[in-house]
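Both of the next two complexes hold subunit A, though its partner changes from subunit B to subunit C.
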Partner chain A sequence: MKNNNLKGWLYLLPAILFLGIFMVYPLIDVVVYSFEEGYNFASQTYRGVGGYNFSYVLHDPFFLQAVKNTFILVIITVPLSTGIALLISLALSSIKPLKELFQTVFFLPYVTNTLAVGLVFMVLFKKTAYSDGMINLLIQAFGGSSVDFIDGPYWAKMLVTCLYTIWVVMPFKILILTSALASVNQQYYNAAKVDGTSKFRIFTRITLPMISPMIFYLIITGFIGAFKAYSDEVALFGTNLNAAGMNTIVGYVYDMLYGDSGGYPSYASAAALILFAIVLTITVINLMIRGKSNAA
Partner chain B sequence: MKVVLDHLTKRFPSRDKNGSDVIAVNDFDFEIPDGKLIGLLGPSGCGKSTTLNLICGLEAPSDGKIWFGEDDVTNLPPEHRGVGMVFQNYALYPHLTVRKNIMFPLQNLKGADKLSKEEMEARVMKAAKLVQIDKLLDRKPSEMSGGQQQRVAIARALVKTPRVLLLDEPLSNLDARLRLQTREEISRIQKETGVTTIFVTHDQEEAMSISDMIVVMKDGILQQIGKPQDVYDDPANLFVAKFLGTPPINVFEGFVENGWVMIGDEKILEVGEVEDKPVWVGIRPEGFVLDENGPLTCELERVEVMGRDTSVVARHEKLAGETIRAIIPAENKVDTSKNTVNFRVKSFKVHLFDRESEERIYFGDK
Partner chain C sequence: MSQVNDQKTLDQISRAAKTRKTILNVVIYVFLALWGLIVLFPFYWMLLTSIKSYSSYNAEYIPKFFTLSPTLQNYFDAFTTVDLGRYFLNTIIFTVATTALMVVVITLAAFAFARLEFKGKNAAFGIFLSLMMIPTELVVITNFVTITNWDMRNTFWGLILPSVTSVFYIYLLKENFEQIPDELYKAAKVDGTSDMKYLLKVMIPICKPTMVTIVILKVIECWNSYVWPRLITDDAKYFLVSNGIQEIRENGFGRENIPAMMAAVMVISIPLIILFLIFHKKIMEGVSRGGTKG
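Our next item is the complex of A and B:
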């Protein structure tokens, strides 16, 4: 028995080593950094232990701007992208001809590099000395005045960011939802049809409850993913996100570590832990709602 | 409500481009009398489920018409036909309780048919009582046994008092004991409600035991329709004879010569005015009688005692199969010391079929 135990640990060793070095140790390190005040990276020294790092981060206007941006992004993109993905999946699963083609088209953003997509969005939205960008040309064609979406007003930049995020996260959601819709047994629909159920009622009373585990999965991972937004913003506005006023929490963490103002691992760790707390809270709330709707 | 199928045909387009259409239901033309329990019987792939879907309205026929009484329902969608359907896997909505499952069809009613909450509750209770699940209304389908789920499915089909009740393989998902119990249950519910009921099965015993009438199908073609006993006693062709009855009918390669049925050089039975030709000789297991001087000499394999009767397993070189199985009353003792056993046959348990067309050619006297 004892021998077996030893063997078991031996088998687990590669995983334990790997996870320990690359996950558990850095995690503990982040927590340690976040409480070390005045930590100096070069000399590896610190003044004392306390909550100053958190207080600094929470009073930093750049961080507050990043939190605001991130929350707007999350609140707009998660419900919208999930809803639109559901509509597209429903449409996809109710057509027969060209279904594969459409599925491929909708899946393309998933396999496309973020920066390449960013470039396309620049072409669409960026205002340069030579061109106003496709969208502005369209706006002008309809009699509106052009807007600088990339360097212009805050709402315009946020609009582009949201559009971009929705467009990037949608393929995965469509993929999950079309397979969830396909896995609903046809017999339920037949039974509902024999009973004269209206299309709307079939959707709300049969389809939605049947695919609800997948929808909840997408909402939870969607929230987590949106809170971690960073690369999309870089693709659109470049690395100096603070100057553009479009920074996100993860962006703030990165800047604190490596950006122009870099070299502050303690502030970065504190911001990362705040982000962790936010994501954890939202996820727990999600799970509670899910539990309640299950019991009902 | 009587159901009339009027030259009903359903063709499915072939999967590959140059193949011909698959005819699932080929020119069905018969009438199902009002208030009876009808079994659609056939091997898998014979078109029986398609027939049910056509009656239900889930599939549209390629040709022909369907009448419910005096109404032509051919082009009506399922919800306007007044049918209740029990699906093979019950198709109970897993996220709804039993009560909500049964209530579901009622909540779909619109306009003048709309029911108040109390009426719905009453109707649900009545249906649940009929199938004896009124104590389980607050459970989810996953918390019930297969037999109970089946009852819920029947209650859901009956709750809006359909004109025709359809059941697709109602017993195939149940174990042997439940199957016996449930088939009696279906028979009871059908008698209590008097609703015209059509059910599909591939199990001949199931169909024979509870149906008022059975419809035997093969490859989309109607083989025979009639009361179970009549179809068993007077099969229209070799397929029907083989399909009905356990143990199955014993089929021999034989011929008719000078008014006698011959198997090899053994004169089995005098049949009088039948043309001399090669035939298939079908003998029901209960058609054999032990007789030392009987004309049919078989090689004795073994004797299986079942209590009420005895099953004699034997071989014969002209048999179109592995072994003969003869059922004889238990009081007739087989002499197991000998290698052979002799039988004579009961003439009305012997059926002759044309060797080519496999159609019945001789109708034995009863």
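Our next item is the complex of A and C:
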């Protein structure tokens, strides 16, 4: 028996070592860092302990800009992508021929490198001296005037970011919702048909309640994912996101840690903890709303 | 008379219903085709631009949707002007090493949780599960400092080590291992088979489909990873494709050589697209079992 005990832990040892060094220890350390004031990366010393890092970060205009960008991104992309994904999944589940082909094509963005395809989006939306770019020509064809979506006004940059983010997150949502729709028991639909229930009523009374746990799951993971947005922005605007005014909270954390403005792990830690607190709060609010609507 | 009339109205109703159904179907297919176009268009544009010559691309104020004189010059440039070949090789080394190490680590852990009995197993599993909720953004800061202190910046070990465990995959594999009936294990024990041999000869072959899914998902993750490699490498000798593409965008080719840039983008996208075309069923099934992006 004693031998067996040892053996069990031996098999677990590699996983425990890696998780301990790269997950558990950092988790404690990040809190420690965030309270060490004036930490110097080179000498690894600090002057004192307190909440200065948090107050610095919360007063940094770059951080406030990043928070604003991230919130706009979350508020626009999460409902929109979930809604469109629901429409597409409903359409997919109502057809037979070509269904598999469509499903496969729709999933393609999931496996592609976001930085690589982001460059294609940049090329499509960018206005250069040589050409106004694909999208602008399209806008002109419909009588609009062209805008530089990559170096132009804030709303235009935000628009491309949202479009690209939605393009990137759609495959996962479509996949989850299509399989949720496929798992609704066919008998409910048959019964509704016998009763002559209208299509709209079938949707609101049967389909929606049956797949609502999955929609809810997608909204929660969508919020969490969107709050962590970063590489999509780098793909579109380059690594200097502060200069482009398009930084995100995660981007701010990395910029503080490394790069031209880097070398401040304490500020980075404080910002990361603030992000974590925001995500946690939003998730708890989501869960509470969900609990209430279930009770009602 | 009235019966004939009834028949007529019935026919009319059913014909109207049929027409409505056809119209609805057309609308649905047009809608799906439209989304398909949105998904595929960037890929088409990538391919198209990559085979246009530099001069013809820049001469087109209104970009053409096809080209009559395709060229492979951009691909040649992508491999000669910038170090795309090296980025590619680095990514392959990184992906293979990380995935291989991870498979060993998670298989051992999953086996311990699924098959062995030892003190503190349930507590350990509970702690593992709770680690699933920790976002990478929170631990990356210390990991960066740790790897820097270990003098592992700009090395493959620095790139690989932090991502060789995944609690989620341990969980996935453990669930799968547990489905193997106890009788097999007991029979093997009677025959005097060691635990390690049982794991290698019985459990892994039976659970091969799940392991393949895990490997593919991890390969995709490695191939696309950007944040950690960017933090840990600033020497172009160790860049992965994501960092390489960012480097190309900012310094390579000269900013305006879009066709060469698209050729590079094409080259780094193709391996995963091929992987997807071969394994799309497995990948989609694996992701719907609980993977999220990133």
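To be clear about the criterion, the second predicted complex is superposed on the first by the 281 of 296 C-alpha atoms of A that agree within 3 Å, B and C clash if a C-alpha of one lies under 4 Å from a C-alpha of the other, contacts with A are read in each partner's own complex, and residues count from 1 in each chain.
Keep this in mind: contacts are C-beta pairs under 8 Å (C-beta built on N, C-alpha and C of every residue); 3 or more make two chains touch, one makes a residue touch a chain.
Since we're looking at a predicted model, the values are computed, not measured.
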{"item": "Touched partner set for A:Tyr188, first subunit B, second subunit C, both or neither", "value": "first"}
{"item": "Contacts of A:Val120 with subunit B and subunit C, given as first, second, both or neither", "value": "second"}
{"item": "Subunit B versus subunit C as contact partner of A:Ala141, first or second or both or neither", "value": "neither"}
{"item": "Which of subunit B and subunit C A:Pro209 touches, first, second, both or neither", "value": "first"}
{"item": "Partner touching more residues of subunit A, whether subunit B or subunit C", "value": "C"}
{"item": "First, second, both or neither for A:Arg201, with subunit B first and subunit C second", "value": "first"}
{"item": "For the subunit A and subunit C complex, residues of the former touching the latter", "value": "4-9, 11-12, 14-16, 18-19, 21-27, 29-30, 33, 87-88, 91-92, 94-95, 98, 102-117, 119-121, 123-124, 128, 130-134, 137, 167-170, 172, 175-176, 179, 221, 224-225, 228, 230-231, 234, 238-239, 250, 253-254, 257-258, 265, 268-269, 272-273, 275-276, 279"}
{"item": "Contact set on subunit B toward subunit A in their complex", "value": "56-58, 77-80, 83-85, 87-89, 91, 93-95, 104-105, 107-109, 156, 160"}
{"item": "Contact set on subunit A toward subunit B in their complex", "value": "185, 187-188, 190-198, 201, 205-206, 209-210, 212"}
{"item": "Touching residues (chain side subunit C, partner subunit A) in the complex", "value": "25, 28-29, 31-32, 35-36, 38-40, 42-43, 45-46, 49, 58, 60-63, 104-106, 108-109, 111-113, 116-121, 124, 128, 131, 134-135, 137-146, 161-162, 164-165, 167, 170, 195, 220, 223-224, 226-227, 230-231, 241-242, 245-246, 249-250, 256, 258, 261-262, 265, 268-269, 272-273, 275-276, 280, 283-284, 287-288, 292-294"}
